[in-house]
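Below you'll find the structure I mean.
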Amino acid sequence: MMLTEEEISALLLSLKVSLWCVAVTLPPGVLLGWVLARFQFAGKAVIEAVLHMPLVLPPVVIGYVLLLAFGANGWLGYWLAELFDIRVAFTWKGAAIASAVMGFPLMVRAVRLSMSLVDPRLELAASTLGAGRLRVFLTITLPLAAPGILTGAILSFARSLGEFGATITFVGNIEGETRTLPLALYTYTQTPGMDEPAVRLVLISLAVALVALVASEILGRRAESRLLGE
Amino acid sequence: TVFAAASLTNALTDLGKAFQSQSGIPVKFSFAASGALAKQIQAGAPADVFASADSKWMDYLYDKGKIDADTRVDLLGNTLVLVAPQGKGFKVHMAKGFDFATAFSGKLCTGVVDSVPVGIYAKEAMTKLGWWDSIRYRVVGTEDVRAALNLVERGECGAGIVYETDAKQSKKVEVVAKFPADTHAKIVYPFALVKQSGDAEKFLDFLKTKQASEVFLMYGFTLQPR
Amino acid sequence: MLSLDVDINRGRFRLEARVEFEEGVSGLFGRSGSGKSTLLNVIAGVIDPDRGRVVLDGETLFDSEKGLCVPSHRRRIGFVFQDSQLFPHYTVKGNLLYGWKQTPPRERRFKLDDVVDLLAIGHLLDSHPRRISGGEKQRVALGRALLASPRMLLLDEPLAALDQSLKEQILPFMRRVRDELGLPMVYVSHSLPEILYLTDQLTLIAGGRILGSGPLHTLLDAEQIRSEDRLGLDNSLAVTIESHDAEGGCTFGIFQGRRLALPFRSALMPGDRVYVSVHRTEVALGKSFVEGLSIQNQLPGRIVSIDSAGDSVQIVADVGVLLRAEITQRAYRDMALREGDAVNCLIKATSFSYLTLDEGDEKAARSLDRSVIEMTSQVH
Amino acid sequence: MMLTEEEISALLLSLKVSLWCVAVTLPPGVLLGWVLARFQFAGKAVIEAVLHMPLVLPPVVIGYVLLLAFGANGWLGYWLAELFDIRVAFTWKGAAIASAVMGFPLMVRAVRLSMSLVDPRLELAASTLGAGRLRVFLTITLPLAAPGILTGAILSFARSLGEFGATITFVGNIEGETRTLPLALYTYTQTPGMDEPAVRLVLISLAVALVALVASEILGRRAESRLLGE
Amino acid sequence: MLSLDVDINRGRFRLEARVEFEEGVSGLFGRSGSGKSTLLNVIAGVIDPDRGRVVLDGETLFDSEKGLCVPSHRRRIGFVFQDSQLFPHYTVKGNLLYGWKQTPPRERRFKLDDVVDLLAIGHLLDSHPRRISGGEKQRVALGRALLASPRMLLLDEPLAALDQSLKEQILPFMRRVRDELGLPMVYVSHSLPEILYLTDQLTLIAGGRILGSGPLHTLLDAEQIRSEDRLGLDNSLAVTIESHDAEGGCTFGIFQGRRLALPFRSALMPGDRVYVSVHRTEVALGKSFVEGLSIQNQLPGRIVSIDSAGDSVQIVADVGVLLRAEITQRAYRDMALREGDAVNCLIKATSFSYLTLDEGDEKAARSLDRSVIEMTSQVH
């Protein structure tokens, strides 16, 4: 199956966006997952609610909210543009942000789940061996939560591959810039008789997902075997 | 059940209520993108009336033999306009050779130019006017007209191409110019019965009444001469 | 050295501990569920008490009034957990080196190879902690704590899952650690001989309260300790070392003006005061002094009580202190003993065990170990 | 804040759909999560890929696929209608199916994650006490994986609350039947000047999510405290 | 009764076990890492061997050739894991009742209350398994396995974390279980006295191989077992019971035609053959027969070897069997002993321990326990 130029461009863009999305959400996702797993504090419910917003609200609404925040007139957008000269609206960066926001709750929940299952006594054991908080986190908590982090990453990656609503609302469908696989796919589905190229795009998406899944499976089995021995 | 393009939402909702109180026949609506609706009908959806935002999806169903061709009627029309954020209007000359690309800064918002009807019309018009190549990579495709309009309202885009109906409803945009009718295919909203049923036919007839026309006009649609 | 005054509530259980641990090794002894592990946890900073103070070497580690709490990683107190708590994502070697890597090189006091050899875990270095045996885990946990070069060591039944020969290998090493590095330890074990091999400083705990603390003999004399909470030790004598008879394999001590032959222990100095104990079944009785026996000690005394319960007869003789002997009914009948009778208590030199143990050479330590293990018989 | 009749209808519908969605996906999700966590077999990668399809592909595509399968002419739809006289297309049942499909990968991954962290030795211990496979699963594996199942349920619930694309494509946007909160929201956004009711709907969604999150948090803490002791 | 012939590879470690366990209790004894737990796992069906057969009471549980493997839940073999493996989501009570609930009421052999009382865990019933002490966990694990009313019990160091008085409470109970229910057990412990309290049927394992299996004395006599793998027992005598002297607290046995006074054990019947052992430090030597001593046994013999290594002298005397005595250098010198000399070996009746233990009344069991615990001295 030869890919057309358009398909290649959408594929590459999707990959770029998805990988960035995972890369960008990983650190804060892990941190927040840890905080939510380990601490009880006032206002936790509010954080939770905000965190789950991208799931609970339709993607278009999230895209709109992003637009309000990151648009040229949005305070975050203004601030980014002023300070770093980064423009996210209508660029692939914006698409990455949209994906990141949509995938974030998945990432956090997965991380949180596995962090909450890490035995705190192992962390205490590490601290009696002289490891400070950060070191305990990096050498004990994090590796023990690896399966969850991996799950979070793959969920966020997959979600990002399929992200449509927030992306199109936030950054639109600009050829070569923000037309990711789902956006390209959308175009086809909205045109009568374009079923064949649509199916091709579906297959491409699935192929990407398959590769990612197999990779994560291998990593995951390695992580698990580290935990359980061989 | 009436399957109607999302852009008809408010007009048809009002008319549905009016029809229901007059005839006592309940009307249900399903508003979505024309394409989605057409595919649903194709898949056997329990639709009685289909109101599409363009001919293409009506043709699609026609080809598949899913509509009652005799009842098909282009009930409404619309006009394509160029808008800009309120107070950010610019001069434009609807003619070949006009350097549209430098006339405004920022992006141009419209429906996705390959699929969303408004985008298709916009691309056609700009191509006719010879503007397309220079503007192509500044075009932001949106899911529907409302999203495009919204982007212009918020000043994210320097300009937008939308329907007049929508532009009229917004106080945050100004209409810079109307595209001449000859720059693009006629913008029509074809209606048709999906299957024969007395009640559905009555509703379709009701939409053709003067009372209905007034409502359509109020929401900014143009009436297609019949 | 380490002083604690802490209260902590853990559900049903309440620990109220006021105790001073002296320099060197302190044994912590008490029944299952008495609060030993909880106390160690408090010292290590793994759990915080509800109230109180923990002071180590003049440094306050915890003070509820001042709101002070030194986090456990800055206490540098090594902890060998009862359930080892190995890190499942590191190999055995990774576990061993975990604390070691975080110790500045100049502060490291052990070498990996030495510890690995001692604990006989060389073949396990690349193994996964989940894939080693129970005793192997315990050894790795001990090695890990040692390699972190702590300034104090808490040992929670560190040898419980080990066989005798491993114990005999590790215990002398722990004693060297105590003496050569002067590393203070709190040592929990249900095996009194194991504890006594390392120290005679004992702390008795029961039901979350400290019953007593100090050298073994003061605990033995303490009246407030109920007999069920006693260590079950009887017949311990305070002896002043007089001289050695190296060839004879004896050390002589003076007990109440009388000369006793004791097992040879070269490290003891004339003038040292030590405690020796002998189990009541190893005390034989004679009507008068007997010649031509390998039994070296014959302590004359007078019978103060006879308790013939069951198969055996418990006889207490006053030989300066009260000495308990257990003999069969038959021997009792044959000898026709009566309260007030004069008797000779016959005790083999090798039947004595030292309660206060000092360093000896490896060999001595070995045989000492033997005698220490014999003492199990006195615990019940 | 008084709710209009329309809002109440959308809210109730959304709740019905979401709760059904969770109820319907829970058993197969738990089962599949367990299978994926515990067994290695040929074709696992294919199952994985299919499982993640709803994440990887844009919702509209999934909706379309569902339409093809469950529509009056679809084989599944035909079969359901013939055998059980159940019609799912263009009914709330269809909406529940769409939500269920979209939330399924989240459910499965969460369950799988926590199942893979259940210590198999506890299961073995249970079997030496006479518990057969099923009993071990029900009394050991399942309760120990409770945090993951709960996470899966809440993710699936939240996803369902926000599901838009697949639903509108599959079952349309019919008031009182399939117009859930997100679809009602969409309807408003298609109408100029309806920002205020749209915001009200957003708030309603968030309120529902908050209640669900707080409930899950309480359940979750209980589950965790059962595992860790108080 | 239970016959095993299995091979299994676990990474570095290879278990090749061919062994028969007889009815009753079998002790499994070996160093840390020798494969004891692995063997129990195979019996319970928790891990499957690579090759071989496991047959219990004529029922094949595993047969690699026939591709047969009875799953563990249908084996009804109770397993007290070394690391207890309590279910964290059940309370202590829930853990205890887990197997109980799955046992048909008529097959239940224990009552919750009884087991709880015995193990002294009544106050813990509502506790969370993570919130109880190490010893408490071990007790719950034991109770849980018992309450499942298994047809066989595997015990992996079940009392290692318990204090002496708990051991003394639980061991007699285990003996009652053995006798009253006839429940077969395989008992792993590093404490030989603990094992011997329940059985003299021992299996020695080292490096994944069975060194020997059978009654203790056959193991003692087995030449192929290297001394380091031996149990360290010496001086065991085969004795035929002659009579009792209940008042005298003695049981008499005939050893090589000579009458020995042994600790009273009413359960022994005249004619029974038992093994008694005495530690070498409890054997005293006399030049000739001595009168007026509480020491009941004086076995005449002849010195066959003298080994004066270190502080003490090891003397082997032939009294029918070879008897080892350990005396000090000084006593040795004083007595001027020489190879070939005639000596009398003096042994207190209470110094003997029975290796073959039979049921006695509670009281007897208690004091027996004492004598068993004394035997620790003979293990090293």
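So that you can tell them apart, the chains are marked A, B, C, D and E in the order they are listed, and the count of residues begins at 1 in each.
As a convention for this text, contacts are C-beta pairs under 8 Å (C-beta built on N, C-alpha and C of every residue); 3 or more make two chains touch, one makes a residue touch a chain.
On a predicted model such as this, the values are computed, not experimentally measured, just so you know.
By the document's definition of touch, common neighbours of chain A and chain D comprise B.
Among the remaining chains, those touching chain B as well as chain E are D.
Centre-to-centre spacing of chain B and chain C amounts to 91 Å, using the average Cα coordinate of each chain.
The geometric centre of chain B is 35 Å away from that of chain D, both derived from CA atoms.
Centres computed as Cα averages put chain D at a distance of 58 Å from chain E.
Residue positions of chain D touching 2 or more other chains, listed in rising order: 60, 64, 186, 189, 228, 230.
Counting partner chains per residue, chain E has residues 11, 127, 131 touching two or more of them.
Among the residues of chain B, those in touch with two or more other chains are 39. Chain pairs that touch, as defined above: A-B, A-C, A-D, B-D, C-E, D-E. Of all the residues in chain C, the ones that touch chain E in their complex are 10-12, 30-33, 36-38, 82-83, 123, 127, 131-136, 139, 156-157, 160-166, 168, 190, 228, 232, 245-250, 261, 263-264, 279, 281-282, 284-288, 290, 292-296, 310-313, 325-333, 335, 346, 348-351, 363-364, 367, 369-370, 373-374, 376-377, 379-380. Residues 44-45, 48-49, 52-61, 64, 105-106, 109-110, 112-114, 116-117, 120, 147-148, 151, 154-155, 158-159, 161-165, 182, 185-186, 189, 202, 205-206, 208-210, 213-214, 217, 224, 228 of chain D touch chain A in their complex. Across the complex, chain A is touched by residues 33, 35, 38-39, 56-57, 59-60, 107, 109, 112, 114-116, 136-137, 139-143, 147, 150-151, 154-156 of chain B.
Every residue of chain D that touches chain B in the complex is listed here, in rising order: 60, 63-64, 67-68, 71-74, 77, 89-90, 168-169, 172-178, 186-187, 189-193.
Within the complex formed with chain C, the chain A residues making contact are 121-122, 124-133, 135-136, 139-140, 143-144, 146, 226-230.
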